[in-house]
């Protein structure tokens, strides 16, 4: 009985998000807060515009990748009502696919997208079909714990295969680009650009293709979708697969930046949840913008609270959004 | 009513089953390990020394989880030490008794570390080595204290572990404060000798107990040398994905030296940020930085770490014995031996040495013998391994290394230097 | 009219007498458990105590999320507040952990009510409520981690005392008293759960879980009962935290407030059976020793598993697979599924 109640409320939240007309007031409040934060950060850095520009650039760069990971999560949640706790582990899986293909076959790390995306897509489909599907519509906690266990399984399988030492797919000296005085390395720019392009591609796929339409239909009204002939269980499989593919793509894009370990993707897990709520559960563009906001919150939080974890800023934003606008900042873009 | 009656039955059954299964476990243990029994009896009944033919040492490290890369190496290091000692004839004064390493996985969590420590003591371990993480070490130290079994910490950096007045716990690695203050001292000596003027130092450190205590000790020493440490930026090593903004803040302060303290992944991020921002400091100086002296680091950052210093505990590559051990380790294990693994090797050596001194399998005698240790070290330190009354290795000292031509070399103090330090 | 309707709400468990089946079961469990430490070795006893600690944590989660239907993903906060309150009082002021426990329960309950009130004030439900509890627990962890006043990330070591003291909840290593102390606390929490399930509060909690609107329309003060349920759950979570600290003698921000603690709190009742009195105990009996069992099997594997010996990561994989299997094939938890099967007959 718990399950019906909780899913029902989640349901209504999602459908509410999908239908409500845009409400401008909280967005104005958010903008006001953002300006205030920027001003405080300016004071905090003794008026160094360089540091602020750098925080902006770094925040946006990181935010792009966060957004891509969260995009997968928000799709899965919006359509399947499953909180996928394995998302971080799937990112790690993407990193290791890149590591193997780039190191053993000598590919350019970014070209491995053509392997990591289909591979993670297939893996996601398989996981949904044999695991998640059986447990859908049951207790809320069940799918959460299933995906959690899946994450543990992936991480430890990677540990078993590759050992715990950090691996790297760096190729050579980084080219550094100057953006209004701030700096960004080439690999971060590629990760950012790649994440943005993939997210937009996915967005248009959801908007323009018949599969995309079916996914959106199942998200907003599964019963209705079934009545008009949509094969919902197939859509569930495809959606989970797309979500996993997003994680895999993000893993490939960040592989040249991070030290690859079996738990390297964990960092993306928590931020992804925050982003999903920020953007509105099930909102694709919302996830992308939410990613950018979280990236910025991390950076400016770091400036405002220098002795705290960078996650503190993220959680403050999270709680504010939860209370002020639980349906997400971007609920009007479906 | 029926459900509740069922509940009675089930719950009772479950408990009985639990009791039974633990009972059978005990039997299995006893049946499977007759050798243990004799050792156990020997230690508990204070039997004459000659009845001991196997001496068990518990080795507890994170064999799974995020730190498994180090934990597995450390476990292998402890085993290699036991093999070497056994091959050389075992513990002579106990008629060549052989060492056996009982390995356990702390999974990186203190609860498991504690119950595994208790289990190994139960299975006859007369000493423990481990555990790499400070939180696990704190728990294992209480187990050692309460069971009267000596515990030799190979690696675990937090000062706090030995501040509790425990008598059974010893540490080979220099603690966080020692690394911070020694790091400051070495920096002073190096820059004075080279005539580099230092007045302002920026510090970037990870924010857990480890990074914070290194910072505090460094800051204290720095004040004594007339340096200002500013800005001080801390970050969460497990949540950070970029340090560029932090490095920009550092650049804005125009420091002479940038001190970096942290683990591997964040060390790589700091390197990336330094090469992108180009903060213009005279020296990049790591203190207990987990990346800057790692053999794979120069390659992982594609040369961006060239010239970086690091003050850290380290195996002594100028010592032929150490090199021999490291080479044999690499042959059998398949990876170059990490410093952490040499510490585990060293911890087992300390215990074996103390066994020779105490000539008994009694943990209390062993504890006293360890406290009186005076053993030449395979690590790059300033002297023999000797413990003070709190259990710290008084001669445990970090050394200075530098990335030179894509390799990590020891550069200071002079007695262990492979090459001269290079300055820009 | 409304009052009459309220009268008709069924209790989660029916009992006409004080000593009903559940009470008898509790007594039997206590009787069976008392001699357990005498049969166990030291290493196994600490596993038995882990069972007790996580059973209490699971019971706590079960009150709020099982009976109360408010999905908590931040139980680490209650656990951690209990652990920290008692450690601070003990280490800094030498105050007995019993008093620390009472204080910790109060602190956790206040925190729970505050966060709960905020969430309900802003009408957070389901997933949003869960994520909010998670965010607050994580913020606590982050704040404690850098607060010098509470030892920041170093945490607290409970000072060792000579000999044995019930007042200071400390006994020599391997003492059976630890288990018995835990048993007393566990029995107390089980008793509290039984009484809760029979009480008006428990009755209303379930009614609110089933249909909040209907409960409110027949005159149940929804907010008040929700917050009461949270405070009971929080106080129980604090008990687990205090006992944990007294047994392991060490606590730090990650151990106290880490996300893994919140997950444990969920995992145990889910595997045992959500919203049942005995589910968390069964779940803890199965899960708490699981790691040790898989690790033991892989340490000395049976012949056909020989190739697995010493492979790092396998024990956790096995643990994960077992959780997956239980959730897939026994979705109502072990106890919940069996209970259902028996009922249907």
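Every chain is named by a letter (A, B and C) in the order it is written, and numbering of its residues begins at 1.
To be clear about the criterion, contacts are C-beta pairs under 8 Å (C-beta built on N, C-alpha and C of every residue); 3 or more make two chains touch, one makes a residue touch a chain.
Quantities reported herein were computed from a predicted structural model and do not represent experimental measurements.
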item: Overall pattern in which the protein chains touch one another (line/ring/star/complete/other); value: complete
item: B-C compared against A-B, more contacting pairs; value: B-C
item: Rounded Å distance, subunit B centre to subunit C centre (Cα mean); value: 34
item: Euclidean distance of C-alpha centroids - subunit A vs subunit B, Å; value: 36
item: Overlap residues in subunit B, where contacts from two or more other chains coincide; value: 64-65, 68, 71-72, 207, 234, 236
item: Where subunit A touches two or more other chains at once, by residue number; value: 156, 159, 163-164, 262, 270, 307, 309, 311
item: Contacts with 2+ other chains: residues of subunit C; value: 142, 145-146, 312-313, 316
item: Contact footprint of subunit C on subunit A as seen in their complex; value: 1-2, 5-10, 13, 77, 83, 131, 134-135, 138-142, 144-146, 148-150, 152-153, 155-157, 159-160, 163-164, 262, 270, 273-274, 277, 281, 307-309, 311-312, 315-316, 318-319, 322-324, 326
item: Subunit C residues within the subunit B interface of the complex; value: 13-15, 20-22, 24-25, 28-29, 32-33, 36, 39-48, 50-51, 142, 145-146, 152-155, 157, 159-160, 172-174, 248-250, 252, 254-255, 277-278, 281-282, 285, 289, 291-292, 295-296, 300, 310, 312-313, 315-316, 335, 338-339, 342-343
item: Complex contact set, residues of subunit C against subunit A; value: 65-66, 69, 71, 118, 122-128, 130-132, 134-136, 138-139, 142-143, 145-146, 209-212, 259, 263, 266-267, 270, 274-275, 311-314, 316-317, 319-321, 323-324, 327-328, 331-332
item: Subunit A-touching residues of subunit B, taken from the complex the two chains share; value: 64-72, 207, 233-236, 238-242, 244-246, 248-249, 252, 264-265, 268-269, 272, 275-277, 296, 299-304, 335
item: Residues of subunit A defined as touching subunit B within the complex; value: 45, 48, 50-51, 54-55, 57-59, 61-62, 156, 159, 163-166, 168, 170-174, 176, 182-185, 188, 254, 257-259, 261-264, 266-267, 270, 299, 302-303, 306-307, 309-311
